[in-house]
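Please read through the structure below; I'll follow up with questions.
All chains are identified by letter, namely A, B, C and D, in their written order; residue positions are counted from 1 within each chain.
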Amino acid sequence: MGLGKFLIKRTIQGVIVIWGVVTITFFLRFLTPGDPVSALTPPDAGPEVRERMAENLGLNDPIHIQYADYITDLLMLDLGTSMRTGRSASIMILARLPATLELALAATIISMIIAIPLGVISARRRHQKSDYAATMFSLLGISTPNFWLGIMLIILVAVVVGPIPTGGRDVSFWEATVMLFLEANPRGFGNWAIHIFLPAITLGTYFTALLTRLTRSGMLEELGKTYVEATRAKGLPETLVLYKHVLRNTLIPIITVLGLQLGTLIGGAVITEEVFSWPGIGSFLIQQIAYRDWVLIQGILIVIGVGFVVINIIVDAMYAKLNPKVVTE
Amino acid sequence: MSNVTDILRIDGLKTRFFTDNGQVNAVEDLDVRIEDGEVFGIVGESGSGKSVMALSIIDLIERPGRITDGEIWFRAPDIADELVETDAVDGDYVDLRAMSPEQRGLLRGSRFSMIFQDPMSSFNPSITVGEQIAEAVEAQRRARSNPRSLDAKSQHYGLTDYLLGGVLSSKRYVSEPSLDRAIELLELVGIPDPAERAEEYPHEYSGGMLQRAMIAQALAGEPDVLIADEPTTALDVTIQAQVLDLLAELQTETGMTILLITHNLGVVARMCDRVGVMYAGEIVERGTLGDVFDNPVHPYTQGLLGSIPDLQGVAERLQPIEGNVPSLLDHEMPDRCYFADRCPKAMEECLEHPPELAVNDRGQHATRCYLAETEYTAAKALPTDYFGATEAPAEADTAPEEPTATDGGDHQ
Amino acid sequence: MVREAGTDETRRSFLKFAGAATATAVVAGCLGEDDDEDDTPATDDDEDGTPAADEDVDIDEVTVTQGSVTDTLDPIDHNDTPTWNILDQAYEPLVYRDRDGELISLVATEFERTDDLVVELELRDDVVFHNGEDMTAEDAAFSINRTNDPDQSQQAGVIGAIDEAEAVDDTTVEITLESAEPAIFRNLSAFGRIQQESWVEERDDDELATEINGTGPYELVDFEEGSHVDYERFDDYWGDEPAVVEARFDGTGDDGARVASLQGGDSDIITDVAVEQISEIQGDDDVRIEGEPSIRCLFLVMPNNDGPFDSHEFRQAMNYAVDVDSIIESLLNGFGEPTSQPTLEGMFGYNPDVDPYPHDPEEAESLVAESGYEDEEITIVTPTGRYLADTDIAAQCASDIDSLDNVSASHDEWETQELFDVTDTGTMEDSPDIFLIGWGNPTFDGAYAMNPWFMEGPFWHFESEEMEDLLTQAADEPDEDAREDLLMQANELAHDEAAWVFLNQQYSIYGASEDIAWEARNDEDILLKEIFAAE
Amino acid sequence: MISKRLKQSLRSELRTSLMAKIGLVLILLILIVAMFAPFLAPHHPTETRVSDDPEVDKTDLPPIGMGYETSETRLVDGEMQTVETTIEPDHSFILGTNTLGQDILSRLMYGARVSVLVGVLGALLATAIGVPYGLTAGYFGDRIDDSLMRGADMMLAFPSLVLAIALVGVFRDTDFHTQQIPDPFVLAARHDTLGSFVPRGEHVAAMPASITFPVTVTLVVALVNWVWFARVARGEAMAIRQEEYVKAAKSVGASNATIIRQHVLPNSLTPVIVLATIQVAAIILLESALSYLGFSETTLTWGYDIQQGQSAAATYWWIAFMPGMAIVIAVISINLLGDWLRDALDPSIEGEGGV
């Protein structure tokens, strides 16, 4: 089976899961006690207004028609109309997406920069002080609620560094880039970095700890394999032995675990955004839950669910690329 | 000490593993000399320290293991010139143990290389075979392109270079000439269509082919000493002979020294000039093939050989020897002949650890057994339950492994 | 040095507030009077208070950080203070209030009642929209009608009993009313923001929610949803050119983060400073507290449709049980005043003869016993993060009531929106049995404090014929004095009937940079045009 | 079900691992505290101490040993006054008090009850849903497996916190959102007129008569996490159905249900137990996140207390710090316990990744 064929198979599976995600969210609306008409109309609206609204929303149609309409709309990337603001849900959600992506990416990058070397060192110096320290760190990291960590970091930074902004995003990465290249103004980037730093650390901690753990145990397992000795025996520099051979092979299974754990990252983003007033899709979700705007809630769930599935397909593709057995067997 | 044709002299080598359960004396006070250009066989049960000895020579002992004592003198006049005036030099010989880890690292591949038992697990599964062999070539090419400096660290290739190599092809470790050389080597070891096979991954190879590739990889640095650790154990019987023939052929061509580690006496008989028999971390008997095989002195050697009907056979099982594989835990190694508890000829003398004793005047044949000097008499024999009575409790407590009466061709 | 920032200032503003009814305005800052050149807040000789303003200096950029940032820029699509604070800069009402709550002209130069059910407003002729086109009376009429349309507006219920607005000529708007609606101009000082008819009609909901075309002194530069709204000065503004050139409104939900953002120099004004953070700000030389008694009071609503709150004695007992002074002293660090009636001191209809209920648990217990509702379990529902220390206050009220021997009480925290959703349905049954709410009264008129709660309508939570009579009479009473007397009677009745548990008057507490001269208003508005550089 | 060998390896693992010992001791401690909170808590957990009399007012007291100097701004007669004060801890409030003057230690002890209850019940419920599901899929394999596990994959597409928030959003308007669970100790103490049966009777009698149990949250955490159990159970069932004894049972005509009950289920329990342990930690974290966000509607949980302390965190750090530490300690000790069980029950992964 070639890589292409593998990906096609995986994509078909992905589409099925996405269909499931969409269907689950569609029926979620029927579980909610409040009806959308009451949410959309003023309290003193008469029955004819309500009837008109229900008609407009297609709520009088039989459920399979509603479902078909819903799917058709989704295929045209239309997530519906916000119950509270009457605006296009797609546009509102899309506006929040970059902030979340920025945060998640920053957290992932920070995690990888810290966790992989830490895991490598920890495995190399097994049962030494640095190993115990790294192990303690990762145990703490996976056991700390990140919203609390965020609050504590805010206090800590205020005490150590003095008052620095700890909320909001101020500028987007895109704006900062534009400022840098068009106006030769690095201030935007400085601002961006200051604002994203604490949220990214907060969000990244669990991931860092998990990745350190996985890297450590994966490295230990991998280091015990004969090919490592063989690679050393042929005189390859230790750096290459560790990184080109051992770490690479360690990361192959880790990648799939991380793909699944991305959910944790997105879930973590929701609460991190809430702590740091980060204007992303997560704080938006919490806000919409408060407003009970089910169209937006459904839209956000679909975007997150689909994003998760797509990312996992990409992860699988990476896995297939790194692990020759998948494709050839 | 005067034999100038020795390429390797090992004196009093001790390699220990410091585990949670205690100290394991994997190699215990081992002395051996290996002559330039010979094929030296090491035989013994698994767990006798054969592989650890090999890894000690090539300096691949990993934590929690450590070489705690001993000297490994390696004949290398060019290195000796460079290290002159230090303790590490004795004439044309250098003491590997006295060299820095970096310096020792440089000897891997170029002076020593190694063939492992299971080719499938000795290749990295996610990198093509060609690339892995080319790495070996490249390592030696880079080492040589530097004027033979022992200070060369990591061959000037660090993590940054590796990371850049992901982007810039000029920064890649393996160069085109090395890849070409890898294909030549594959051809040399008799792999058909070497250029195509070089692009394949280990799991696409058969076992025999992969072992050939392993040999090709080991030859990449044109080593002085090739350590072959059970090179045929994992292979089909029919393939074993081919691989052994290939090794013998290559040895004749290049004149390299081969240290052949095996539990298979047939292989030893077929390949080796001289033999050492290992038991519990030490060589209990050594000599020429004829000395040891025709005139074994040590009861352990005798036991091993007892089951061989035909020395020309390739796949022979060792005769089961009664008793447990010895514990190598330090606190369970009493100061006596380690074999005494399993020895059918155990005597009172055996309660004292025997030194190496010459069997005859030619000086080649020696054994760590009092029987070299004394005749066995039933009068001095220890009672049969002597060890069972005194050491049973200790044995019951440890020995988590299955008690095995045999060693042996456990991979067949 | 112990900083006594704003002590005199605060006292003065407080007194000023208290004296508003008798119109002893100390402040010069009357906004937007036709001939008024002086938009400054009070010149202040107290070096620790609001810094003196230097009006000739431009301020490059001002950032205002509130608890949240809006998700719509359509003025009719919300009714929420942080959103108003953002839109105030760009969308103007026809009339406005000065710092004492007196009505002043803005876009409308004159406004009067021409008939019982008709009012007329005369508009300026030099007002330009941000897109460069002239404003007409048609636009103003359209905007009022749009706000009054329940199909699209969330403010249809609060703008008042308007039938229709009509442009009489280019500069005159005539509004026909459905009832007398004495507070109509007050309502127009908050609602009916002027938009351009043609501009609105060309746009769909998404565009209306993300674009601005108003007549205000600031035009929209950028709206990053969930993050911030950026403004710059509108060059063709009809009024005086304000000092602030560019401004940003952003939102940070966490109280501590807002303070950090002020201290870190990210923000120049922050809203809703938590009581615990006040000393932090006061201790920092670069920033200061701007505190102002607000037009909002907190109370516990007890719908009297059902037991135990249908009992007059039980309701009174609740008032005796809650120790408002302790709440103010301990939870609010003194930032609050006890209240005795729905209307705040200084507002029209306030009855000075009514005193707050004293804290008297024994009296409370005996009243509970008298009511016949002994050993009731009640749960006080509170919104979260909506008002200063709201959950703490609710928890303490519950604790006070729980300490009575014959009632047990706890509190329950609901999402603010969740609570609002069930309390504005017009049916008491939908509401929790007892809940905390804060009611702001930008009209400064006792009718607005009581009518929504005591007469049938979305917020109706207290049924009393006597009360309804009083309020109906007041609504139809053209004579000011007579009307004031009726409202005072209504206030006294509300107190005696213990319609609510009367808690505290809320303070608006802001943090501000010492670089700007800006003084908090009591109506919770923040106007960029009132910000100047500190001298 | 617990074989002698299992006990032995649990014991030996416990003997050699300091971390396992620490974990076990902490877990026992937390369980004891949660169970006997009315006896152990020094104060009533929700009793407030708010007063305009500074003598009576006990709000914002620091933990013992943490007295400090600060300035406090108050409004007195309309004037802001900033005074330097020294804040002294009070010895009857070991971990200090919050903004309402409630004793933090007592609140933590009562908070442990909710965390333990939700954690354990949630994990049990998730096991009850996930294990049969996974066993069915794994045992029957093929089509059934495919369709069942594809369904499970769909659940996995939602991050647990996101799904939990959405589900709480759905279910919170129902009547069973929270449930009052009477506290038997307190009730006993209150009816114990002689004061002889319940130790510290008066103290216990004054404690809350019931605790609020977040039903919705418990259901939701189980609904969010059952998939992991399904995956593990499926893997085990797939392996076990290949075993000889299963084939033998089949050949003598045992029904599928019997085989699953008698062979597959008991033999797949080990990894399920390890997973369940670790899931308790995950659920405690999830519960704390939900109550931090205000979705749990109980006001006596660690997550809620963090949220309450957040706005004052810069000044009164301990209010938010203490409950967070409680969560960290609880979760760490459960993770240590999980590591211990895994190392002991599944020697194939001994020493890898564990502490």
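For this structure, a couple of remarks:
The rule we apply is simple: a residue touches a chain if its C-beta (ideal position, glycine included) is under 8 Å from a C-beta of that chain, and two chains touch if they have at least 3 such contacts.
Keep in mind that what you see is a predicted model, and the values were worked out from it rather than measured.
Looking at the partners of chain B and chain D together, the chains they share are A.
Centroid distances from chain D, each centroid being the mean of CA atoms, peak for B.
Of all chains present, the one whose mean CA position sits nearest the global mean of protein CA atoms is A.
Each chain gets a centre from the mean of its Cα atoms; for chain B and chain C, those two points are 87 Å apart.
Chain geometry summary: the mean Cα position of chain A and that of chain B are 51 Å apart. Mean C-alpha position of chain C lies 42 Å from that of chain D. Between the CA-based centres of chain A and chain D the separation comes to 25 Å, rounded to the whole angstrom.
Annotation for chain B: no residues touch 2 or more other chains. Contact of a single residue of chain D with at least two other chains is seen at positions 310, 313-314. Chain C has residues 254, 256, 259-260, 415 in contact with two or more other chains. Listed by chain label, the pairs that touch are A-B, A-C, A-D, C-D. Note for the complex: chain A touches chain D at residues 13, 16-18, 20-21, 24, 28, 31-34, 135-136, 139-140, 142-145, 147-149, 151-152, 154-155, 158, 213-214, 216-217, 220-221, 260, 262-268, 270-271, 274, 282, 285-286, 289, 292, 297, 300-301, 304-306, 308-309.
Listed in rising order, the residues of chain C touching chain A in the complex are 65, 69, 71-72, 77, 150-152, 154, 156-157, 205-206, 209, 224-228, 250-254, 256-264, 266, 284, 415-418, 421, 424-426, 458. Of all the residues in chain C, the ones that touch chain D in their complex are 2-8, 10-11, 14-15, 254-256, 259-260, 274, 276-280, 282-283, 289, 291, 323, 325-331, 333-336, 384, 389, 391-392, 395-396, 399, 410-415, 507. Interface of chain A with chain B (complex): residues 126-127, 223, 225-227, 229-240, 243-245, 248-249, 252, 322-325, 328-329. Considering their complex, residues 150-151, 153-154, 156-163, 165-166, 168-171, 173-174, 281, 285, 288-289, 292-293, 295, 303, 306, 310, 313-314, 317, 320-321, 323-324, 327-328, 331-332, 335-336, 351-353, 355 of chain D touch chain A.
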